Every structure is written in structure tokens, then in C-alpha cells.
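Remarks on the structure that follows.
In this document, chain identifiers A, B, C, D and E correspond to the written order of the chains, with residue numbering beginning at 1 in each.
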């Protein structure tokens, strides 16, 4: 039984944690999901690290940074901390941040948060159980929450020159 | 008996440390509060780390960065250090920064500093004693010191699509 | 038998991992190549660190950051993490990032990604097997994916003044 | 006998190290002062760390960053390193940076450098010998080298609301 | 016999490594110089750390960042890594970066690279063998590669006020 952690925030305007937990449960019975909530994104790094050290194999870190310049700096600090936490534990943390200025209105924001969370939960699942599937998707321009960018056009001929 | 640390600065124009201590004391008798003051926000990370290693379960780091570009950089450095200190100790530090340009005048600044400190002190209390309460508040757009942003409108239908 | 790791992303729009593996295989039989794919560039640092600790002598980290401001921040965070991972393992990670706005169209982007990957794979090979060759190339303005800048003109006389 | 380190730079245009040493000596006989000089501010972090590990209880790091954008980045890197060094040693480093564009002319720059150094030396002294004095100064808007900002006006009534 | 490391890059358009080695050899027979070359500036931190852990007492890290915004970010990442490497080893790394946009033409760039490298090599020598000489130069506005800024005018009277 593999264990996966889910950490989200009270600052977020969408309950991304519940979306992630629900998606992970639907992916299969071979997963134990452990959920935590912290106030804001800067509280994510140490909480994720704690979960990884308590036995989680991977953690999904969910957050919704605001649209001001200060919020962008917070997101940068949180991301730096999440990478640091991974290097200290030798395990992955999948960062799922939805910036409030990525969507023009509340409804779109909710949809984007939902889609991105679901797709990243699937990625976390693949990383744990089917890493070879990720190799198959290498260089295919995957995007989470938006339409995939896809591989470059004319790329094959350019590459196999 | 859980122990909570409070560290603030002489640079701040509001005595945020006293506000935090007073709020924490009102939250219940099951808390021992330890207070320290340092000159500026860049001195917070190591002081918070010391308190955590001396037995505090959580620390509240209070600061009031100035409005100049240099002050913003200082705040970024301090925040990065606070996250690093958490990763080194496996404990939370709740950062409570009030930027001087967040308020148009002294009186509003004092009110903002007070409200944000009080609300973060409550968060720290919940993190220690009732973490399940934070899960209940996940994704509800909590804000400290300002009115809550609340959850997105129309979010439920978008999410449970 | 030396071991070299290759890690790329599903976010990239070019399968840089396959290009690197193919180039490394053509460079000689004295190399064992181990390939992994992660979702995005922020997932590279810990994956590269894992490969180095599992016995790789060097790792090539391949990514294609987007053109938005947020993407530039992601790339900075990933790069910082890659340098940190090297300092923690005492081994080199060769970062090969192709920014999507470095090329005017898909075809050029594919060509740039291919050329830069191939040239960095050669560098990684030299670092492992012929480090003295790098000393011979010191200060010659080598560029990966674009034409070399070359040494400064008139530099010899200025230097041996 | 407590030990305090002083590290400054040859890049600075004011001999801040001598000012600090002189001030510290005037503060009392119960201090042993150890002085070092490095070329620039990026050399400060490891030198301060060395002093702390050789027995200093606290170190004052003095520097004078230039006015160009590159100099601002250097100062940021140095500050980040100084915070990191503190977290690694569990001791304080008091950073005293005077940016060359903080003063309109040489004479004012010298005065600012002198005043800021003296006031920070006093802070370092308080941190070592009378930390309770810092708590008394919490939230009073202390500034080093300029006039104090003071506590916010009308703050008491707003706070004790 | 003290050991000093020299690491430069193939990206640089001037062979700064040879300049440093030559200058160090001219400074005296009591030095063993070990030279390495890496592809770019982001490869410097771990290579310098390796040299320090293999017995070098100090390392000179030479690089020539490009003029684009991305190059500035690379330089910042490399500098951050170099400071981190120093904190991990408790030894100095003297960073010698010449930004390509510091000089208007190739000839000036070569001259600047040469002068800065030579002067930093002298600093490294002083740090190892005559640290007291650096204290004598404290606050004198030393610059490497350009004319010294010198101490502030009227500074003495302002300082000894």
C-alpha cells in the first residue's frame, strides 16, 4: 500500500484538497491518502516535508497565490521551499499552484483549479505506479488545467535530421 | 503544556509582539508563551529557529517591512530564511508581515497590524490544538487582517461537475 | 562502466530525452544511460539527485520553460534546485533548458532543442572522460545550440600585455 | 568574557570595521572583539560563519553595496548567505549594509555609515547582554543611521480597541 | 605548501583561467595551483566545492555572464551556489565575474577580464598569506578591473566626529 499526502490552504478560494483526495481515491484502491490543511502557501513546505518523513511516498502541494506583486513573491518563496524539501527527503512533491490572475472570473478559476488538481493527481499516480508512462509522454507538451500545447509541429523531421 | 514562541522587531512601528502574546494568553491556559525581540526582520529566522530548538512547538514571526524597494528585498530574504528554518526544524513558523504600504495612514496601519496578528495567533493555536478545523476551512479564502475573500462564487457547481 | 542519467519532462514540446540518449549512445560503448521523465522542470532537481545517489556519475537535466513571466520564475527555481542538488551530491548536473521564446517558430525551436541537447551531451561526455579537453576550450566562447561566440578579437594582445 | 566578531570589506568606501571596533570597545570591558576584512560583501557569509564557529557569540557584517543593478543583486546574494550562515550556526549575524545611493554626497555617506555602524554595534551589544531591553523597544520604529520612525500615531487606541 | 584552485568556463570569451594561473605562479613559489574548466557558470559551484574538499585552501571561480536578462539570472544562480558552497566547506571562493555588457568592445572586455582576474588573484593570495593586509585596506574603495573608487572625501572628519 503506497501512501500519498495532500496539503492545501485556507487561503485558497477553491477546496483543492478535497478535489485531489477524491481524484486519488478514484484512481485505485492501492493508495492511502493523508490530508492536511495549512493557512497559506508559505506553510506548505514544512508540512509536506513532515508528511514525507512520516511515510508518504509523494505529496501533492496545492495553493492559490493572489494576483498582487507580493503574492508572486510568496509563491516564489513557497516553490523554492518545496524544491528544498524534496532535496532533503529524496521524494517528490507535486506543486499545484493556480494563480488568481490566470482566470478572468470566479467560475473559470474554479474550473481551472479543478482541472489542474485532477491532472496533477493523475501525474502523481503515474510517478508512483507507472513511471514508464511518463517517458512515453516525454516532450509532448503536456499542460495541467489548460489544453495541452502538444509537441512542436515539424519537430520530428527537424530532430531526425 | 505546549509552548509557543513569539518574535518581533524594534523596527516595526507597532508592538505586534505584545498583541500576539495577549491574544495567545486569551486563547487558553494550555499554552506557555515565550517572547523575544530582535532588531529587524532579517534577524527573525535564526531567533525563531533557536526558540523551536529550545522546545517551542511553533513560533509566530512578526515584522513590518518598509515601503522601499530595498525593504521588499529584505522581506523576501527574511521569508526565505523563515521557510528554511522550518525545514531544518520540522516545525512551523507562522510569518506575520505587515508591509507599511498596505495601509494609507498610521491609524489604519495599526489596525491592520493588530488584526493580522490576532488572526494569525488564532491560526497558530488551531495548528497546534485543532488541525482538523483547518481542513474544514480549506479553500474558503481566509485572509488575515482584511475581510476574507471567501470561496469562489459558483465554485461548487463547477467543481462537482 | 560509467553511468550517466538523463531526465526530461512531459511539459517540453520536444522529446529532448530521446535526443540525449541517442547522442550519448553514439559517443561510445563505455556508458550506461539511465533515463527518467518527470512532469515539469521543478520536478527535475530531486529526480536528478536520486539518479546521482543511485550511482550515476553525472546527469543531464532537460527542460523547456514557457515564455510567460511565471515560467521564467519556474526556470529560476528549478535551476537553483539543480545547483543545490549538485552541492549535496558532489556531482555535476548539466542543465539544458531551451526557453520557448528563444525561437521564432516551432521548426526553429525543435532544431535549437536538438542542437543544444546534442552539444550538452557531448560536454557531459567530456566532463566524465576527457576533462583536459575542456581546459583546452577554456575562454573560447562556446555556445550550445547557437553558433559559438568565439574568443574576443584582439584578446591575445590585450591579455599578454 | 563574550566574543564579538567584526567583518568588513575593502570595497567599502568607509572604514566601517574600525568604527564598529571602536564603538564596541567603548561599550564595556566585558567584550573581546575579533576583526577581519574581506574583499567584498559576497565574501562576508563564510568569514562570519568561520568567526562564529571559532567562538564568537555574535558577528557584525559590514558592507557598502554600490548603486548599480548588479550591486543590488550582489547585496541580495550576500544577505541570503548571511541568513543561511546564521541558521547553520544558531547564532546571530548583524548585517550592516549602507547602499551607496542612500546618500547624496560623500560626506553624508560617511556620516550615514558611521551612524548606522554605531547603532548596530549597540544592538549587537544589547542582544548579547540585555535582550530584555530589545523587548522594551519592540514596535517603536527604530532605525539605524537615520532618525527613528517611531511608533505609529494613534496606535495605542487602535491596538487596545 | 598551500593549494589554490582555479575554475573557469568554456563559455567565457577570454581564457581567464590561464590568466589566473599565470598570475598566481608569479606571486610566489609557496603555492600549488590546480586548474579545472567547466562549460558554464552554473557548473562552477560544485566544481569549486570539489576542489575545496580535495584539499584546496581557496578557489578562484572565473566566469563571463552574457548580456541578456536570462544571463543575469544565470549569474545570480551561480553566485548563490558559490556562496552556498563556501558555507558548506568553510572556505573562501573568490568569484570573478565579468559581465559582457560591462565593456563597449572586445578589446576593452579582454582588458577588463585580464585586470579583474589579476587583481582578484592577488586578493586570494592576500587572504591566504597576509590577511592583515586586507584589514589595512578596509574601507578604501578597492575595485577589481576598474580604477579604485577610493575612500569617501571628507570621510575622516565625519567619522572621527
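We take it that contacts are C-beta pairs under 8 Å (C-beta built on N, C-alpha and C of every residue); 3 or more make two chains touch, one makes a residue touch a chain.
Please read all numbers here as calculations on a predicted model, not as lab measurements.
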Considering only chains that satisfy the touch condition with chain C, which of them also satisfy it with chain D? E
Under the document's definition of touching, what chains do chain B and chain E have as common neighbours? D
Distance between the CA centroids of chain D and chain E (whole Å) is 25
Determine the centre-to-centre distance between chain B and chain C, using the mean Cα coordinates as centres, and give it in whole Å. 41
Please output the residue numbers of chain E that touch at least 2 other chains, ranges allowed. 80, 84
What topology does the chain contact graph adopt: line, ring, star, complete, or other? ring
How would you write out the ring of chains in order, opening with chain D and then chain E? D, E, C, A, B
Would you tell me which residues of chain E are touching chain D in their complex? 72, 75-76, 79-80, 82-84, 86-87, 90-92, 94-95, 99, 120, 123, 127, 131, 134-135, 137-144, 149-155, 158-159, 161
Residue set of chain A touching chain B in the complex reads 8-19, 35-39, 42-43, 45-47, 49-50, 53, 70, 73-74, 77-78, 80-81, 84-85, 88, 106-107, 109-111, 113-114
